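Pasting the structures in now, so scroll down.
One chain, chain A, appears in both complexes that follow, with chain B as partner in the first and chain C in the second.
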Partner chain A sequence: MSAARLAGGRLGLVLAVLALLTAAGALVWGATADRAPTDQERATAIASGLRCPVCTDLSAADSSAPLARQMRTEIRQQVAAGVSDEEIRRGFVEAYGPSVLLTPPADGLGRVAHLLPVLVLAAAAVGGAAVLVSGRRAVRGGGPGTAEPDHRSSTDRTLVDRALADLLKEEP
Partner chain B sequence: MIRGGGRRLAALGGLAVGVALVALLLALGLTTDTKLAASPLSGHPAPAFDLPGLDGAEQSRIRLEDLRGQVVVVNFWASWCTECRVEQPELNATWQRFRDAGVVVLGVDFQDAPGDARQFVATSGASYPMVVDADSSTALDFGLRGVPETFVIDRDGRIVERFVGPVTAATLGDRLEPLLDGGRP
Partner chain C sequence: MAHLGQLGLLLALALAAYGMVAAFAGASPRRAAWLESARLAAFAVLLVVLVVNAAMLIALLTDDFSVRYVAENSSTATPVFFKTLSLWASDDGSLLLWNLVLAGYGAAVAWRFRRDRPAGFPVALGVMFLVQSFYLLLVNGPSRPFATLATAPLDGRGPAPLLQNHPLMAVHPPFLYLGFIGFTVPFAFAIASLVSGSQPDRWVEVIRGWTIAVWTFLTVGLALGALWSYSVLGWGGYWAWDPVENVALLPWLVATAFLHSVMLQRRSGMATLWNVGLVIGAFALTTFGTFLTRGSVLTSIHAFADSSIGPAYLTFLTVVLLGGFGLVVWRLPLLRSPARMDSLLSREAALVGNNVLLLAATGIVLLGTVFPMVAEALFDEQLTVGRPYFESAVTPVFLLLLLLMGVGPLLPWRRGTPGRALQRLRLPAVAAALLMVVLTLAGVRSTGAVVGLGLAALVVVGTGRELVRGVRRDGGARRVLRGSRRYGGLLVHVGLAILAAGVIASSALGQEGEVTLAKGETATFAGHELRYDGLQTDRQPNRTVLTVALTVTGGGGDELRLDPRLNLYPAASEPIASPAIDRGPVWDLYTSVISLQDNGDSATIRVLHTPGVNWLWLGALLMVLGGVLAGWPRRVRRRRDPATADGHVPPVVATGARP
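After this line comes the complex of A and B, so read on.
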């Protein structure tokens, strides 16, 4: 078997996997895109965004505490009664305060949590670009990285020459 | 050389600012105890409830609405809660002292086995009315985070105080007196 045929087979395999993944993705997208979430999905989504009041950093959807179970029951009942997601959440915020929301609201101090990752990413991008540009400029302008002799390298060379001479002298 | 040093200084400064910012946010997050935050219900009408009595008798059922005009002390407790056992005599003393002045002390049993709860009442000698919040829905309405928790509701049905953890008769008395003095007869 020739190396070219082997490479061609591997390419075909990669293409087949890609096609399969694309098809699967399209199926998932097609199945969910135009479909309104079921009541159960809505209730689970709301519970996932609410903190279980008697737990430490666990959502009402994930906790098995009786109070969290009752939260899920109430959410399901309200969803079935046609109450909007926002209103259901507001009900819990009225009793427990905004800390019951696992995602901080996008106003007040909560905005920091939303903006900080964006700011850090932007700063990293700017910093990275600056380093790249200065590096390229340095190469072009003969800065560090080019083999231009300076007094240091000439001393080094002298030292090396001397050491080599010593070595040669020692050999019989 | 000088430019390079300046750049290094700027980088170090940026890093220091970043580290300080993260440390600040971390400190803020770690010191803010969400469990002790003041009740957002303070000053708002108390959530309505209609709960069966602990003894199961129909006449023991209590509707908060029926207590309008009186100051109500709602104490969430459970027989498995040690601190509730500690504060029980204090609530009893408050009830004895204020029951003729227009104050109702009401115990709400939270997430408990009925048998254990009844035994708790029998052994502790609690004399004020007790109801059961079997499905914890009243607890959720009150924003309960644990037991014991005590809410003081004024004559107009507004929550005026919330105590997280055990209360004493003295603290409770200090909070109740002003609600009675200026109130209607």
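After this line comes the complex of A and C, so read on.
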């Protein structure tokens, strides 16, 4: 590699790092920038979290059923009257039961629903890590995989070599 | 027609049962004639089931209301097109189509392996017949599509209004069926490989090929379902995280995981056990989904009420799970293949990560879908797990998958060096970073959306460059087709990233609202002016259509006419809305009538201004093209040079590397 290309490579890397840092900065700035939701946004957010009790799978924000329309009007009125999001939701739970919430409540049995994704992710992470670690160990020695090359016949070895050569061609 | 249909179903069941026995008996090489006769039985079953479907179709088209199914799902006023679709508009009829598709797959397997038959082929054919027998048993007992009424009514009830509202109903169910039912084939071959105990590596090519085809069909089916939801239902969304949508997504996720981990097996002889497990899991999930949809567990637009066949599905599911995974445990010593990771910065490690994330997503969606049913059955508590839950639980996993898609395909097999990997990532990373900066400066305040769109750019740029480079290097369509697996896969990635960008943009950056307009009145929404010009009433034989004429003036001053409608069907208490959409490369303007007041003097309209919806359809289209390319049969090449023709290590290496 020539010196010029090396320098170019370094410059490119510096630029890339700079771009990533700018992106990260922009993200932080964007996330922390002041933004109070409008009443309309608040009302839509609350309605999206409530099930339309007479529909099968749509939220009160999405359904055009009369009851959903009624719920939307009520939410808008309460938001305008200064009732807090939490209180508005509680009102609907009292009227229709906890199943009106599209995300189960975070207490009682509902807490289990909230724990499930965390448990699944943890189990998946542990499983994946175990595969990777045992795979590394097999390569470093002592594992069952290390004895393999001895079983290869010479034809196999030729095939492997040809295939590997092809691979290198394929991915420069 | 009813008698013909009923007789046909009995005959088909007898043929399928015979085929099963003959195929299993034909597993012994001394009884080759049995196997031959089983193959013929597969064609015979297809023929008979075809006749049965034709009988139902004729009954529907000739308004034969003495058949209960026709009386309940069609009427004299139903247009011929929708009469035809009534064939699969309800549970009993759709089981006929189900059997037809399954018989089609059975015949396809019998035809495909008419000459070269891998060892254990008879078992695979037998399993196909076993599954077919189960579904034929369903239509011969618990469900009776050809049941007749003692006195035929003068007219039928007509199909459910929602299902006769749009022509997409003609294609969404058949493709979904092709996808769903197709998982029977990989499953049958997986079972055959377990039973015969032959080196599972020989099966990998066969199973992979069929799985790609099935995966492609399911992708089409899911995309058409989303398109239907968006174009017909009037709520402006395309995916509601409805349980039935979820169970259709589950096998897709598992099949996607398999199509990736199978590369580990083909390349390095790893993950044999895992792959067989994934194939069985995907099939079990389709059975589970069928049970949820048809077993009276759910009510939704997809669910067919009043089905007494839930227990039958549950029994079948248990057989599949116990039988399938029982065989896996039995063959454990044969399947165990050592994992070897030369480097954590390798394609192998990325593939492991892919499987971890895809299965995590599967687990989250599955448990979330089942949770309310378990809560009600065991604790008598009514809880809902809906869209906000799934969105917040699954989004992090999907974002990680996007990141992995951006990095993984650029990593070399076996061993990578950090410097090399960084070098290949530089351009895509810079592009992603730039996009993120621009989006933030443009005022996008959702961190998730900015990161997600950045990651999508990472994939599109990185993978797109690989694709362009590779095609340019290979030159010529024929040589590209030769490397079709890699190019197909990369194209799917580009498509999925575009689709993801569409999902992120449309869910985070859109605006929605509701306007009530008197005749002649104008309202402003998201830079557009909407004017209500008046109401037209159109009486059609099967419905009354109320059209709300809207004139929309865009930011540039150009005028546009949108005609959202309300359709009144005699069978429906509520009107069914038909949205009107102005589709654009970036923005869609979506209007849907919510209600009319004072005889149409004023109208309430739901309006959405959503970006990226068309990226979704474009992305799905690219994914399907990629699937077709990756699954393209490559028979010509194999004759020339079996070992190195396309730069992929052929399976023989995998076998050779094993003791």
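As a working rule, the second predicted complex is superposed on the first by the 108 of 172 C-alpha atoms of A that agree within 3 Å, B and C clash if a C-alpha of one lies under 4 Å from a C-alpha of the other, contacts with A are read in each partner's own complex, and residues count from 1 in each chain.
By our rule, a residue touches a chain if its C-beta (ideal position, glycine included) is under 8 Å from a C-beta of that chain, and two chains touch if they have at least 3 such contacts.
Here the structure is a predicted model, which is why all the values come from computation and not from measurement.
**Student:** Report for A:Leu58: first if it touches chain B alone, second if chain C alone, otherwise both or neither.
**Tutor:** A:Leu58 sits against chain C, while chain B stays out of touch.
**Student:** Which of the two partners, first being chain B and second being chain C, lies in contact with A:Ala138: first, second, both, or neither?
**Tutor:** second
**Student:** Using the superposition on chain A described above, determine whether A:Glu94 touches chain B (first), chain C (second), both, or neither.
**Tutor:** Once the two structures are laid over each other on A, A:Glu94 reaches chain B alone.
**Student:** Return the chain, chain B or chain C, that is in touch with more residues of chain A.
**Tutor:** Larger number of chain A residues touched: C.
**Student:** May I ask you to decide whether A:Pro37 touches chain B, chain C, both, or neither, giving the answer as first, second, both or neither?
**Tutor:** neither
**Student:** A:Leu67 in the overlay: touching chain B, chain C, both, or neither? Say first, second, both or neither.
**Tutor:** First partner only, chain B.
**Student:** Determine where on chain A the residues touched by chain B overlap those touched by chain C, and list them.
**Tutor:** 51, 66, 97, 99, 112, 116, 120, 123, 127
**Student:** Write out the stretch or stretches of chain B touching chain A in their complex.
**Tutor:** Residue positions touching the partner: 14, 18, 21, 25, 34, 37, 39-41, 44, 47, 111, 135-137, 139-146.
**Student:** Applying the document's contact rule, which stretches of chain A touch chain B when the two form their complex?
**Tutor:** Contact set of chain A toward chain B: 51, 53-54, 66-67, 70-71, 73-74, 92-97, 99, 112, 116, 120, 123, 127.
**Student:** Within the complex, which stretch of chain C touches chain A?
**Tutor:** 234-237, 240-243, 270, 299-301, 338-342, 344, 348-349, 352-353, 355-357, 359-360, 363-364, 367-368, 371-372, 375, 379, 381-389, 392-394, 397, 412-413, 422-423, 426, 429-430, 432-434, 436-437, 440-441, 444-445, 447, 450-451, 454, 483, 486, 512-514, 574, 577, 592, 594-595, 606, 643-644, 647-650, 652-653, 656-659
**Student:** Which of the residues in chain A end up touching chain C in this complex?
**Tutor:** The touching residues are 9, 12-13, 15-16, 19-20, 22-23, 26-27, 29-31, 33, 35, 40, 44, 48-49, 51, 56-59, 61-66, 69, 72, 97-105, 108-110, 112-113, 116-117, 120-121, 123-125, 127-128, 131-132, 134-136, 138-139, 143-145, 147-148, 151-153, 155-156, 159-160, 162-164, 166-167, 169-171.
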